[in-house]
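Take a look at this one; I'll ask things after.
Chain nomenclature is as follows: A, B, C, D, E and F, assigned in order of appearance, with residue numbering initiated at 1 for each chain independently.
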Amino acid sequence: MPAIREAVARAVAEDIGALGDVSAALLAVDSHVVASFVPRADGVIAGCLAATETFAQIDPAVRVDWSVDDGVEIVTGQVIGRVEGSLPSILTGERTALNFLCHLSGIASLTRRYVRATHGKARVRDTRKTTPGLRALEKAAVRAGGGVNHRGSLSDSVLIKDNHLAGLSIPQAVARARLRWPGLSVQVECDQRDQVNTAIEAGADLVLLDNMTPEQVAECVKIVDGRFPVEVSGNVSVETLGAYVDAGANLISVGALTHSAPVLDIGLDLDLNN
Amino acid sequence: MPAIREAVARAVAEDIGALGDVSAALLAVDSHVVASFVPRADGVIAGCLAATETFAQIDPAVRVDWSVDDGVEIVTGQVIGRVEGSLPSILTGERTALNFLCHLSGIASLTRRYVRATHGKARVRDTRKTTPGLRALEKAAVRAGGGVNHRGSLSDSVLIKDNHLAGLSIPQAVARARLRWPGLSVQVECDQRDQVNTAIEAGADLVLLDNMTPEQVAECVKIVDGRFPVEVSGNVSVETLGAYVDAGANLISVGALTHSAPVLDIGLDLDLNN
Amino acid sequence: MPAIREAVARAVAEDIGALGDVSAALLAVDSHVVASFVPRADGVIAGCLAATETFAQIDPAVRVDWSVDDGVEIVTGQVIGRVEGSLPSILTGERTALNFLCHLSGIASLTRRYVRATHGKARVRDTRKTTPGLRALEKAAVRAGGGVNHRGSLSDSVLIKDNHLAGLSIPQAVARARLRWPGLSVQVECDQRDQVNTAIEAGADLVLLDNMTPEQVAECVKIVDGRFPVEVSGNVSVETLGAYVDAGANLISVGALTHSAPVLDIGLDLDLNN
Amino acid sequence: MPAIREAVARAVAEDIGALGDVSAALLAVDSHVVASFVPRADGVIAGCLAATETFAQIDPAVRVDWSVDDGVEIVTGQVIGRVEGSLPSILTGERTALNFLCHLSGIASLTRRYVRATHGKARVRDTRKTTPGLRALEKAAVRAGGGVNHRGSLSDSVLIKDNHLAGLSIPQAVARARLRWPGLSVQVECDQRDQVNTAIEAGADLVLLDNMTPEQVAECVKIVDGRFPVEVSGNVSVETLGAYVDAGANLISVGALTHSAPVLDIGLDLDLNN
Amino acid sequence: MPAIREAVARAVAEDIGALGDVSAALLAVDSHVVASFVPRADGVIAGCLAATETFAQIDPAVRVDWSVDDGVEIVTGQVIGRVEGSLPSILTGERTALNFLCHLSGIASLTRRYVRATHGKARVRDTRKTTPGLRALEKAAVRAGGGVNHRGSLSDSVLIKDNHLAGLSIPQAVARARLRWPGLSVQVECDQRDQVNTAIEAGADLVLLDNMTPEQVAECVKIVDGRFPVEVSGNVSVETLGAYVDAGANLISVGALTHSAPVLDIGLDLDLNN
Amino acid sequence: MPAIREAVARAVAEDIGALGDVSAALLAVDSHVVASFVPRADGVIAGCLAATETFAQIDPAVRVDWSVDDGVEIVTGQVIGRVEGSLPSILTGERTALNFLCHLSGIASLTRRYVRATHGKARVRDTRKTTPGLRALEKAAVRAGGGVNHRGSLSDSVLIKDNHLAGLSIPQAVARARLRWPGLSVQVECDQRDQVNTAIEAGADLVLLDNMTPEQVAECVKIVDGRFPVEVSGNVSVETLGAYVDAGANLISVGALTHSAPVLDIGLDLDLNN
């Protein structure tokens, strides 16, 4: 996948610097070791391909094997993968490989927590609030966590937000969207109940209820009346999510999945008996 | 700065997609607006240059002015900057500009919390646990937050960690480092008291105490006896930091500054009266 | 726009070579001229921004002004824009600027011919059959010609084609798409009438009738019965398009718009009196 | 070849988008298929390496084998190559691989038509009127079609065109070129008979007769009198080419080879029995 | 010029590292200074545009003005240009700007020495033995020094060298070249007198006499008898060049111009009175 | 290593041009040969990986084997490596592979000469005066020659030079550096004896004596009195180096290693008996 290759190339370049790994250079090149990826906390793994690619770019002779696939739940202390090859090459790649693995697994793990909290009654969705330069990898990590993706880019579907309404009304927006972008779904972000009515009348495909209380959401769910899935957004937390699900929301958008997920701590342990 | 230009170019490209912003395309090109950057929470700002560059790459006619510089503390509701120009251009750039601003301000804000917790008795330091592709920008955000930087790359200084010791002893490592990399500082990560003695005898410039209790740190501080600053690392939190400072640590390394900082929520509000 | 900047940078680099423009180098650097963009045939202009950017990258002192915007109909001999600056710079950029302008105007002009042939009773749509590396620019040229865009990328909407059916049935495909990609429109390409029924029952948002006769299309239009716009594809020409429109098609997809449009011939004439 | 790798990487990136292929994602990853490249029209194949590279970048486990080489004539329905591997990977790469193959084969096929029309009495040549970003691949496709290449870039040889004459005379141009660029061939584009005499006297290596009638060309051929090959350009079509060849032209430059060749329609058919 | 922009961007990126200029960061940002470019030795200047571009990429507010153009002879202590702006920005860019300026001026200066040694009776030519990644800039520096360029790339002209003759004879090579690459000049490298005869009979445009003594060159000059310029190559030094010129060589190729030119030492002096 | 891959990709692209290798294209593709890398002068080899990578990028079927590693002394006429594969591929890659090999071996060889001249009593160090775009490769070549590296980039350590003193004093500089960049070594360039005292008192880690006579160096060595290694710079030549070593210098910085090393001449000879 080109997105992974390029992200890894950038990360390796920024970590290696002009002199290379000055610490690993002190080691004998021919020291051969095996090391294990071991989580320090429970969570969901994501980013295996990026970690593998990191070692491939640094030293094609290093071999990486995984016992798990992206999306699998892993537990503290479990050996989830092994790296085998020259000690200096492995040490040079360790941090970059772990930076991908921990960051993306952090996203997958947080997503899984939100997914769990829905008890299967709604789906959890990411946003475009991703870390600059890592959109494709983070969206894949959300899927690994059991979430579904919102727009990949501004090209993917029409979403009319409050700031657009400074320039045109909801009916105008929907009408123009139908004309210019047939086949793209048209979604309207509403922060008031009236806008939901307007959006439905205008023929929107979906509404996104922004910053509403569960009570307001329940009213809007009634208005929508099963025409399409109802999406809720606006600082929904794992704690408050249940109320929105109970209010009838079908999709819960959570920016935090990609913008504020703490890493899942994973380490690389040398196998000293090997 | 080339690092900012390239990071922004990648972020804009991944957000725009092949059709451009299909929603903004519904608006009249000549609608001119002013909008304000407004924090939704208190914190420390960072990333202004990246946000400015985002709009510059999308539409050079958009003008961005800041009332604050990176590193300044900002409060909820304060107008910290203004954007002026065509409405569709501003909407197209909004998310990418905010993604940089919120992510980097999140790092600066978390750093400031740690810095505060030291009460001026130690300094807070980042690590190489940065988000892949954003090393330079995140290191600058740590400085904006009042922290100091650890190595920028594997070229910057010699740091001997536990995994290196699979291939050579501490005295061997320091001796070889002196020979091969004169002028680079040589640091040894120690997770046992004995290693500190060994490192000092070997002539290391700094030791990094990893995963020790405050009591163990206090003992090591005595051993070091003012020869050089003592650095502590290993899942130090804002809560536990005080005990390490009291134990005599001079530098506290915190991976979370860059790998797990939640965003600082900042929005872009259209000035409707304008 | 980054897409234009990058496409122009590549084109300029591939045309300039390692010695620069060896012919223009024979001219005096300070010879100042004005030149006019003049079409040699009637058509629709597109690509003005790319042509402007070409000269900007070669010599920022060259000034380009357009009398027309993308999408305007232009006639043989009309002066549609002017370039002013150093003669060698203008000659160095001439071919690359015209390559963009003629290629993209060729696409806009062919699109306009198809649009005309619908007499306003259907819309003309492009495909993903674009020239590698120029997707965003060609899609914009189709819009300039009056057409509408199909998917910008494989991320934009779900389209189930015959080859997908080797792996899953239409109902399976639609059901999985709803589950995994809520909010993305789901389209099914059908080359038999039965598939249209199946797609409707499965809940597809759109069907794309591929390689059908106008008679078959008319039957499918009856089946669809206004539920959504009906799209037709498969080597539709300007000549055969009318029959499909009369059969009730709402959208006509034409790969030739981007893969086989001949250039619109536009030249750059020096203004010798200037 | 770096040119192919980079062109393919750009094309794959622009087609995949931030979410990946949302349609192929609905399929089982382990479904293994064989598919055949099959032309829908007769022509000349080109671009095999680019198509192979496309699948290699998407999934190295996909295997591509060709029964033909670039430059071979292929007929409707013939199996010219096979792809074997995971169904979703093949579907993800299909369009990009075909975009290269159909575009470049279109150029090779049109070139072959022109070459045929010369009955071996002249050679057919391309121009710098190539699609931006694809110069090297399109020039190779012209060679596959049996044509010969004109300048690859502005560095390759000196060509004095009418617009250069605004700044210097033909004798001045040739004299300066000899001085500054010894070893590069010097060619002069002439649209009047007198210029041919002037160019010969000035010592040009070649003349390029632009926009002349066959009669005018015949006169110029007499003037040149075998000193060097005579080249003709200016909207020569397959129909009018014969008259120019009969008039004694040795080289026929045709911009349309690269700027207006329609694609050669080639499809990828799944082998359902496999 | 894209070649300069890209070369400078790479050089700035490799020099700045992940932390930025840690030394300049100690200075006050608002300290405004003027500095002068001053040669420490006599020579010929080249690379002014690259030096200017370096500061532009680091800080657009820094202003650079030159008193000389590329190709001008400069003397020790002369102020050849001035930089004005923030002290830390100027210090950050100083080394990279000087690296371009000193390297390219070194090439121009060495070229000028060779040119002088010809006393105007021959021209001095570079080779493809350039520093990887700097071909276009080094070729321009040779021109600034008064030399002329050989091939810019392998696309520019046909040059048959000894290793090609393992695969085909000189007459075969020339005949095939005429057929496949009409309009490109065909040059044959000869290290024996007989090859010169063969090349002339085969119709080569130029011969390049490699590793011959002046006496052998004189014999070959007689054979060529004014048909075309005679080129000499093979470790010609400033000292031995005269003998080759006297032997009748018209062009002297010198790989050392680009592969072994020592820098011209140029410094940047702060104007302390300013 | 990404640095090598990217440097090679740029070099191959700039040498191949838009038409490819027009000379090698005249040869039969299936002619298989073996060729040997053979030095034409004695020296130290460096750049083997870059030469190998060059052929890998042009034609993965070409095989390269080395009899020596970077850093080994090689003698005129020795076969140091072999290339085996298609003749046209080998000829296309020959010049670029040799450009890397000769340039980097030139640096290694010059470094070795300086290292020899120290008779083991001091170490030889490079500077940041590297060829733009080749920093990492040239620094590795210095190590191959037996030298040690100075800063890889402006991020690597603090170095206060004369121009910095326009903005702050030595004690200010050292104090601020300790505060802002704990763990980075702080070096002060001194061109007067007094500055050495000041730097020591300020607590600098190293001093770099710039443009001093051996006598002045000897005095400074006394002042430093073994606190840290003393470094000397400023146009030290192989001839003058001994006096500085005798004066007690421990490190000798030589810009010429990377900015003015002539190439080590290495050729590629076809094995005609093979």
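Throughout what follows, a residue touches a chain if its C-beta (ideal position, glycine included) is under 8 Å from a C-beta of that chain, and two chains touch if they have at least 3 such contacts.
Keep in mind that this is a model prediction, so the values were computed, not measured.
K.L.:
Starting at subunit B, figure out the least number of steps needed to reach subunit E through touching chains.
P.N.:
Contact-graph shortest path, subunit B to subunit E, evaluates to 1.
K.L.:
Going by the stated contact rule, which chains contact subunit A and subunit F alike?
P.N.:
Output, common partners of subunit A and subunit F: B, C, D, E.
K.L.:
Among the chains, which is located farthest from subunit C on the basis of C-alpha centroids?
P.N.:
Relative to subunit C, the chain with the farthest C-alpha centre is F.
K.L.:
Same or different for subunit A and subunit B, where same means more than half of the interface numbers show up on both copies?
P.N.:
Both copies, subunit A as well as subunit B, present the same residues to each other, with over half of the numbers appearing on both sides.
K.L.:
Can you spot which of B-D, A-B or C-E is a repeat of the B-E interface, where more than half the contact pairs line up?
P.N.:
Interface equivalent to B-E, from the options B-D, A-B or C-E: C-E.
K.L.:
I'd like the Å distance between the centres of subunit D and subunit F, where a centre is the mean of that chain's Cα atoms.
P.N.:
43
K.L.:
I'd like to verify one number: the distance from the centre of subunit D to the centre of subunit E, where each centre is the average of its C-alpha atoms, in whole angstrom.
P.N.:
33
K.L.:
Centroid of subunit C to centroid of subunit F, CA atoms only: how many Å?
P.N.:
50
K.L.:
Please compute the C-alpha centroid of subunit E, do the same for subunit F, then give the distance between them in whole Å.
P.N.:
Spacing between the chain centres: roughly 21 Å.
K.L.:
Using the touch rule from the top of the page, what residues of subunit A touch 2 or more other chains?
P.N.:
In subunit A, 14, 16-20, 135-136, 149, 152-153, 155-157, 180-181, 184 touch at least two other chains.
K.L.:
Could you tell me which shape the graph of touching chains takes: line, ring, star, complete or other?
P.N.:
complete
K.L.:
Where on subunit E is subunit C touching in the complex?
P.N.:
Going through subunit E, the ones touching subunit C are 1-3, 135-136, 139-140, 149, 152-153, 155-156.
K.L.:
Once bound in the complex, which stretches of subunit D touch subunit E?
P.N.:
Residue list for subunit D touching subunit E: 123, 125, 143, 148-153, 155-157, 179-185, 187, 205-206, 229, 231, 250-251.
K.L.:
Inside the complex, what are the residues of subunit A that reach subunit F?
P.N.:
Residues 9, 12-13, 16-20, 57-58 of subunit A touch subunit F in their complex.
K.L.:
Where on subunit C is subunit D touching in the complex?
P.N.:
Subunit C residues touching subunit D: 7-8, 10-11, 14-28, 31, 33, 35, 50, 87-88, 90-92, 94-96, 98-100, 102-103, 106, 128-136, 152-161, 163-164, 166-168, 172-173, 176-177, 180-181, 184, 255-256, 259-263, 268, 270, 272.
K.L.:
What does subunit E use to touch subunit A in their complex?
P.N.:
Residues 14, 17-18 of subunit E touch subunit A in their complex.
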